[in-house]
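These are the structures in question, set out in turn.
Heads up, the next two complexes both have subunit A, just with different partners, subunit B and then subunit C.
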Partner chain A sequence: MNKYKLNAQKITGIAIVSLMIIFILAGFLNRNSFDTMNKELILKGPSLLHPFGCDEFGRDILKRTQTGMGISIAVSFFSVCIGTFFGTVIGALCGYFGGIIDDILMSIIDVLFAIPSLLLALVFVSLFGSGMVQVTLALGIAIIPSFSKMMRSEFRKQRELEYVKMAKLLNISTARILFVHILPNVMETFVNCVFIAFNNCILAEAGLSFLGIGVQPPLASLGTLLSDAGGYIRSAFYMVSFPAVMLILLLLGIGLISSGESFHHAYSKRFKN
Partner chain B sequence: MGKYIIKKLILLIITLLITSFVIFLIFELVPGDPAVDKLGTRATPEAVEALRVKWGLDKPFILRYFQFVTSVFTLDFGVSYTYGISVSNLLKEKMVINLFLSVMSLMIVVVVSFPLGVYVAKHTGGLIDKIMIPLNQTAMSIPSFVLGLLITFLFGMVFKLFRPGGYVSYKADFGGFLYFLIFPAVALAIPKIAMCIRLLRGNILEEADKDYSLTAYARGNNTTGLLYRHVLKNAVMPTITFIGMIAADMICSGIVIEQVFSIPGLGQMLISSISTRDFPVVEAEVLMIALFIMVISFITDVIHAILDPRVRI
Partner chain C sequence: MKKLRTLVLFSLLALTTVLCACTDDKAKNTDSITIGIAQDIDESLDPHKMVAAGTKEIFFNVFEGLVKPDSDGNIVPAVAQSVEVSEDKLSYTFKLRDGIKFHDGKAVTIEDLEYSINKFAGRSGSEPVSSAFSNITEVNVVSNDTIEIKLEKPDSAFLSYLASVEAAIIPKNNADPDNVCIGTGPYKYVSRTPLQNVVFEKFDDYWGEGGNIKNVTFKICTNPDTIAMELEGGTLDMCIHLTKGQKNELANSDFKIYEGTMNLVQALYLNHDFEPFKDIYVRKAMNYVVSSEEVMDFVSDGYGTKIGTSIYPNFGKYYDETLSSVYDYDLEAAKECMAQSAYPDGFNMTITVPSNYDQHVDTAQVLKNELAQIGINAEIQKVDWDTWISDVYLGRKYESTVIGVDAANLSANALLSRFTSDASDNFTNYSNLSYDEAYKAAVDSFTDEDATANYKKCASILNSDAANVYIQDLPDFVALNKAFEGYTFYPLYVMDLTKIKAVK
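Let's look at the complex of A and B:
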C-alpha cells in the first residue's frame, strides 16, 4: 500500500486550510451578531471593534465572513460526500465489471460530463427551487460524472493486476475486492479527485450564491456576501475585498493540497479513452 | 480522415439525441401545469385548455419531444411563457453577445498562454519560472467573478478605462461593444491562462524526457530545434483538448461574469427564466449550450486528427 505522499506544496496547502478553519471557529468567539442590523454602523469602514467594517445594514462583516465561509464549506463538504460516494461506486462497478452496463452508464456520463457542473446545478436548482439543501444536492449530483469517470479509469487499470486476480481466486467477495483491496491502491487519485471536487464545489456554490439562487437569506455564504458587496463597490470596496481575499485563500489552500503534478495528472487522465 | 469525421459526426448526433431527451424529460417531470401557473388557479378550465392548445401542451410526449429535437435545426423553440414571443427571437441577440465574449476570452487564453508556457518550459528553474509557479497557483484559485469585481474596481473606478455597468449594445456601437467586452473577457481568461501554462509546461517537460527526444538530441538537434521540431508537436495535444474544455466552461463562467458586468447575455436570461419557471426558454438555452459544447468537442477532435495521424486509426 503506497502512502499518500506529502510535499512542500501540500503542506503549505494544509497549513492554509487549517488557518481558514481556525478563522471560522474563531467566529464563535466573535461577540458581534450575524444578522442584527444596526443603523449607526451602516457602511462604516474597518475599525478596532469591526476589523472588516460593516455592510449596508450595519452588520459586522468579519462575523458574516466567518459564518459565510462555514456555510460554504459545509455545503461543499456534504456535496462532495454525496458525489464521492456515488461517483466511486459507479466508477468502481463500471471499471471493474465492464460490459454492456458499463457502456450504457459511461455514455450517459459522457453526456453529463459535456455539460459543465455549474449549468447542471442551475438546472437542478430550477427544478427543486433554491436553498441550502437543494444546492448541496445539486452540486453533489453535478460532480458525480467527472468523479466516476476518473475512478473508472483507475479501477480498469487495477482490474488487470495480479493481486486482484489472486484475490478472485481466493474467493473473496467482490465488494471486498473493490473497496478493501483496490481502493487503497488508488488512494492518491482518489484523494486528489476529492480535493479537486471540493475546490469545484466551493467555486460553484459561490457562483450560485453570487447569482442569488444559492443559499438564501438570512443565511449567507461567501458568494452572497460578494454579491451584496458588488453593489457598493464604489463607496465601500472593503466590503468586497475581505470576503474575496478569504475565498481566494481558501481556494488556494485546497488547490495546493490537490496540486503538484497531480493536477496535470488528473486532467491528463480525463483525456485517455 | 473522412471516415473518422463521419464516425465522430454520428457520435455527435447520438449524444445530442440523448442529451436533448434528458433535458426534455427533466422539465417534463416537474410537477405543476404551466398553463395553470400562468393563468392562476381561478382561471376557467376552458381558458386553461385553450392556452394548453396554444402552447402545444395537449400533444403526446413523444410528439413534443420530436418537435423539440428538430427545433435544433429549424430554430423554432416555441413561445416563451412569460414574454409571449418566440424563444428563438429572444435568444438570438443574447447568443451573439456570449459568442463574442467566449471567442474573445479564448483568444486571449491562446495568445497569452502558449508563448508563456513554452518559454517557462524552456527555461525551467529560471527566474521567470520560479515567479510563475506561485503566481499560477494563485491565479488559478481566483474565481472569475471575484476577478471581475476586482477589474471593475481597478479599471472601472480607479483608472476609469470603462464605465462599470455601461454595457453598449453591438447594434448601437460595435467598437464600443467590443471594447466593453475586453474586461469581462480578461476576467474569464486569467484563471484559464494559468491552467493552460501549467498544463503545457508539464506536458513539454514530460515529452522532453522520452526516448525519442533523447534520440533527436543525440542526432545533433540543439534544445531549441528539439523543442519546436519534436517535443512541441506532441505536447500541444492535451492542451488543445483542454482548450476545448475551457471553451465549454467559459459559457458557464460567463453566466456569472455577465452578472458582474451587467451584460444582458444568455446567463441573465437563464436566471430570469429559471426564476419565472419559463421552461421553453430554459430548455432551449440548456440545449443550445450543450450543443455548443458538443460542437466544440467535435472541433477539437477534428483538430486532433489533423495534427496527429495516430488518432485517425
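Let's look at the complex of A and C:
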C-alpha cells in the first residue's frame, strides 16, 4: 500500500497521536491513584508532585486525565469497530446488489439518519441503562447510518468497473469480490470515514458523559472530567483547562491524519500515475 | 462596492448584537424574579398527588391547607379562620375564613372543603396521601362555614398533617385537577414548559398579606455547572440549594448568600430486600466506617449537621443529639462487625444516585472510598431524576441510594411513618416489629409528652438497628440578587415567595 504518501499534515497528526498514546501509557507509571481522595489537596494548583493540580476531592488531575483519555479512546475504538463492521457490510451489500435489498435497508438507514446520532445514543442509553458498555454500543450503532451510506456509494461506483465484471465472469464468489477485490480499492474513503467516526465518537462520548450517562464516577473520561470541572472554571481553571487541551490535541491529531489526503486529491493522483 | 455593503451590513449586525447586551442592570426589573430550581416539577398538578420534595417546595406558595406552617414552625390558620379541638381530642372544628377566594375568583365554599378533605384522606375511593389520614372517621358539614373532622383515635400531630401541600384545599368543580391548578395561596400557577420553566403570578385577592413580586418564573437548571454563570449573567435572580462550588464562585458577586439547613435527612438509604443489608452487622459496620465529618469536608466545605437517625435538628423536641455520635468513625469496630457478619470478606453493591443532585453524587463518591476500607465494593450508578423516582422511590428496584428525605409537615410522622412495615412510601422496605409497635404507640398517644417519648423511641430504634447509613442534614445556601431581600428559611423544605421583596 505504498499509495499512501506521508505529507506534512499526516506526519504532524501521527506525531501528536503518538504523543497522546505515550501520555496515556505514562499513566501506568504515575503513582497517584485516580480515585484516592485527599483533604489536604482539595483544589490545590499545579505543583511538582501534581503537575496538573488537584480536583475538588484532592485527586490528582494528571492521573485522572490519563485514565480518562484511555477510557475515552477505548470506548471510541470499540464503538468505531462495531459501527465500521456493520456499516461496511450493510453498505457493501446495498451498493453491490442494489434492488430491493438496497431499497429496504437504505430506507431504514434514511430514517435513522433523520435522528441525530447523539439523540440515538440517548434513546439507546435510556432503554438499556447507563454504563460504559451501553455507551459503546450506542455510539457504535449511531455510526452505522453514515458509514453504510458512504460505503454504499463507493461500492456502487466500483461494481460498474471492468475489474469487478471480470471477477464475476471468472466465477469468483461474491463475498470474495466484495471484501477482497473491491474493499482495498475503496480504502481511502474507508480510512477517512473511520477517522472521522473516531473523532465524532470521542466528542459524543464526552457529550454523553457530560450529561451524566457515560462512565460512572469515580472513574473518569474526558467528558466527565470536563463536566466535573465546569463548576470550578473560574476558581480553579487548571481543572478544566488541562483535560480540555488534551482533548483538543487528540482530536486535532486524528483530524490531521485523516485529512492529510483528501478523497478527490487521492483520485486525481491515481489517474496521473 | 459589494464588499463594502457586506461589510457595513455585517458590522451593523454585530453592533446590534453587542448593544442588545447592554440593557439590564440599571433598570433591573423588580416586578419579576427568576428562580433556578434543580429539577422539573411532578407530572401532575394535583397537590394530593405530588411526590417530589422540590415540587411541594414551590407549590407551597400555590396551595394551602386548612392550616399552614410559619417560618418558626408554628401552625397558623390558613383556609380555616380558626380551629377548635374538643376535650377528648377526637373532634376538630374548622371555621371557614370569610371572603377567601380560589385563584379562579370563585369563593371557597364548605363543599370544597368537604370534597378536598375526603379526597386527600382517601375517603372518596383514592389512596390517602398519608396513612395518618386513615384515622379520620367522619367529615361533617356543620353549617355554611363550619366543618368538623372526627378522628378514631387522638393524634397530637393531626394539625401538622393538615398544614402541608398534600392536604391542600382545592375546588370541587375542577374536573381535571391533574392539569388545571387552582389553589388559595398567595401565588397562582400560570403555565409550565416541561424541562424549561414554571411560571407563577401574584394572586391579588389573597386573603392575607400576599407576595411583593408580581411575576415569578422558576427556571429548571438541570446542569449544576451553569448555575453560577446564569446567576452572574443575569438570567437568574435567585437560586436555591447551591453547592459549595457554586457558593464559592459567587463569593465576590452581586449576590447575597443566605445560609441555613436544607431540612433533609441525607443518608445512604439501604434497600432491606437486598440480601447483605438484611444483616444487622453489615449495616452497623457500614455506619461505623462512614464518617459524616469526612463527607462534610469533601462535599460541603465542612458545613452540615451530623445526624444519627431520621430526624433532623430543626425538629426540636423530637431530635436527640446523642444519637448523632453513636456511630462515630471507628474502623476497628467496623471491621469487628464485618467479621461477625455473613460477609466477612465484603460484597459488591450499587449506589444509585440522581445525577442532577451534585451533593448526592459527590457524597456517593466519598462513601465508595470509605466503604472500601471494610471490603465493600460499591459501584456508583448515576440516573436521571425521573428514573430515580420511578425505579428507586416508587419501584424500589435498587440496592442503595444517596438522597435527602424531607418532611412534608412538622410532625415526627412525616419522617418516621415511612419506616413502618406496611407504609406505602417505605422505599427502603424496612421492617421491624418493635419499630412498628413504638410508632403505633406514638400515634395513639393521648398526650404530647407520651407521643414525643414514643417518637424518640422510634428514632432511637432506627439508630440502634442501623436501618440506614445516616449522614447529615445538608447545609443550604441560597443566592439572592442584591436587588431583592428577605429570603427566609423554614424548618420545612419549603420556599416562601411572599417573604422576598425588592430593595427600595
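FYI, the second predicted complex is superposed on the first by the 257 of 273 C-alpha atoms of A that agree within 3 Å, B and C clash if a C-alpha of one lies under 4 Å from a C-alpha of the other, contacts with A are read in each partner's own complex, and residues count from 1 in each chain.
By our rule, a contact is a pair of C-beta atoms (placed from the backbone, for glycine too) under 8 Å apart; a residue touches a chain by one contact, two chains touch by 3 or more.
Since we're looking at a predicted model, the values are computed, not measured.
Undergrad: After the match on subunit A, would you call subunit B and subunit C a fit or a clash?
TA: clash
Undergrad: Just checking: does A:L251 make contact with subunit B only, subunit C only, both, or neither of them? Give me first, second, both or neither.
TA: It touches subunit B, and subunit C stays clear.
Undergrad: Touching A:S235 in the superposition: subunit B (first), subunit C (second), both, neither?
TA: Touch status of A:S235: second partner only.
Undergrad: Quick check on the superposed pair: does A:I213 touch subunit B, subunit C, both, or neither? Answer first, second, both or neither.
TA: After superposing on A, A:I213 lies in contact with both subunit B and subunit C.
Undergrad: Kindly classify A:S18 by the partners it touches after superposition: subunit B alone (first), subunit C alone (second), both, or neither?
TA: In the superposition, A:S18 touches no partner, neither subunit B nor subunit C.
Undergrad: Look at A:N7 in the shared chain and tell me whether it touches subunit B only, subunit C only, both, or neither; answer first, second, both or neither.
TA: In the superposition, A:N7 touches no partner, neither subunit B nor subunit C.
Undergrad: Is A:S33 touching the first partner subunit B, the second partner subunit C, both, or neither of them?
TA: In the superposition, A:S33 contacts neither subunit B nor subunit C.
Undergrad: Is it subunit B or subunit C that touches the larger share of residues in subunit A?
TA: B
Undergrad: Going by the contact rule set out at the top, does A:S47 touch subunit B (first), subunit C (second), both, or neither?
TA: neither
Undergrad: For the combined three-chain arrangement, which segment of subunit C clashes with subunit B: 224-232, 278-286 or 404-412?
TA: Of the stretches 224-232, 278-286 or 404-412 of subunit C, only 224-232 runs into subunit B after superposition.
Undergrad: Just to be sure I follow: which residues of subunit A are touched by subunit B in one complex and then by subunit C in the other one?
TA: 126, 212-213, 227, 230, 233-234
Undergrad: Within their complex, state which residues of subunit C touch subunit A.
TA: 224-226, 228, 243, 245-246, 248-249, 294, 297-298, 355, 358, 361-362, 364-366, 368-369, 379-384, 387
Undergrad: Which residues, counting only subunit A, touch subunit B once they are in their complex?
TA: Touch residues, subunit A against subunit B: 9, 107-108, 110-111, 114-116, 118-119, 122-123, 125-127, 199, 203, 206-207, 210-213, 226-227, 229-230, 233-234, 237, 240, 244, 247-248, 251-252, 254-256, 259, 261, 263-264, 267-268, 271.
Undergrad: Which subunit B residues qualify as touching subunit A in the complex?
TA: Interface residues on the subunit B side: 15, 18-19, 22-23, 26-27, 29-30, 137-138, 140-143, 145-146, 149-150, 152-153, 157, 164, 198-199, 202-203, 238, 241-242, 248-249, 251-253, 255-256, 259-260, 267, 270-271, 274-275, 277, 282, 286, 289-290, 293-294, 297.
Undergrad: Going by the contact rule at the top, pick out the subunit A residues touching subunit C in the complex.
TA: My answer: residues 35-37, 39, 42, 56-57, 126, 130-131, 212-213, 216-218, 227, 230-235.
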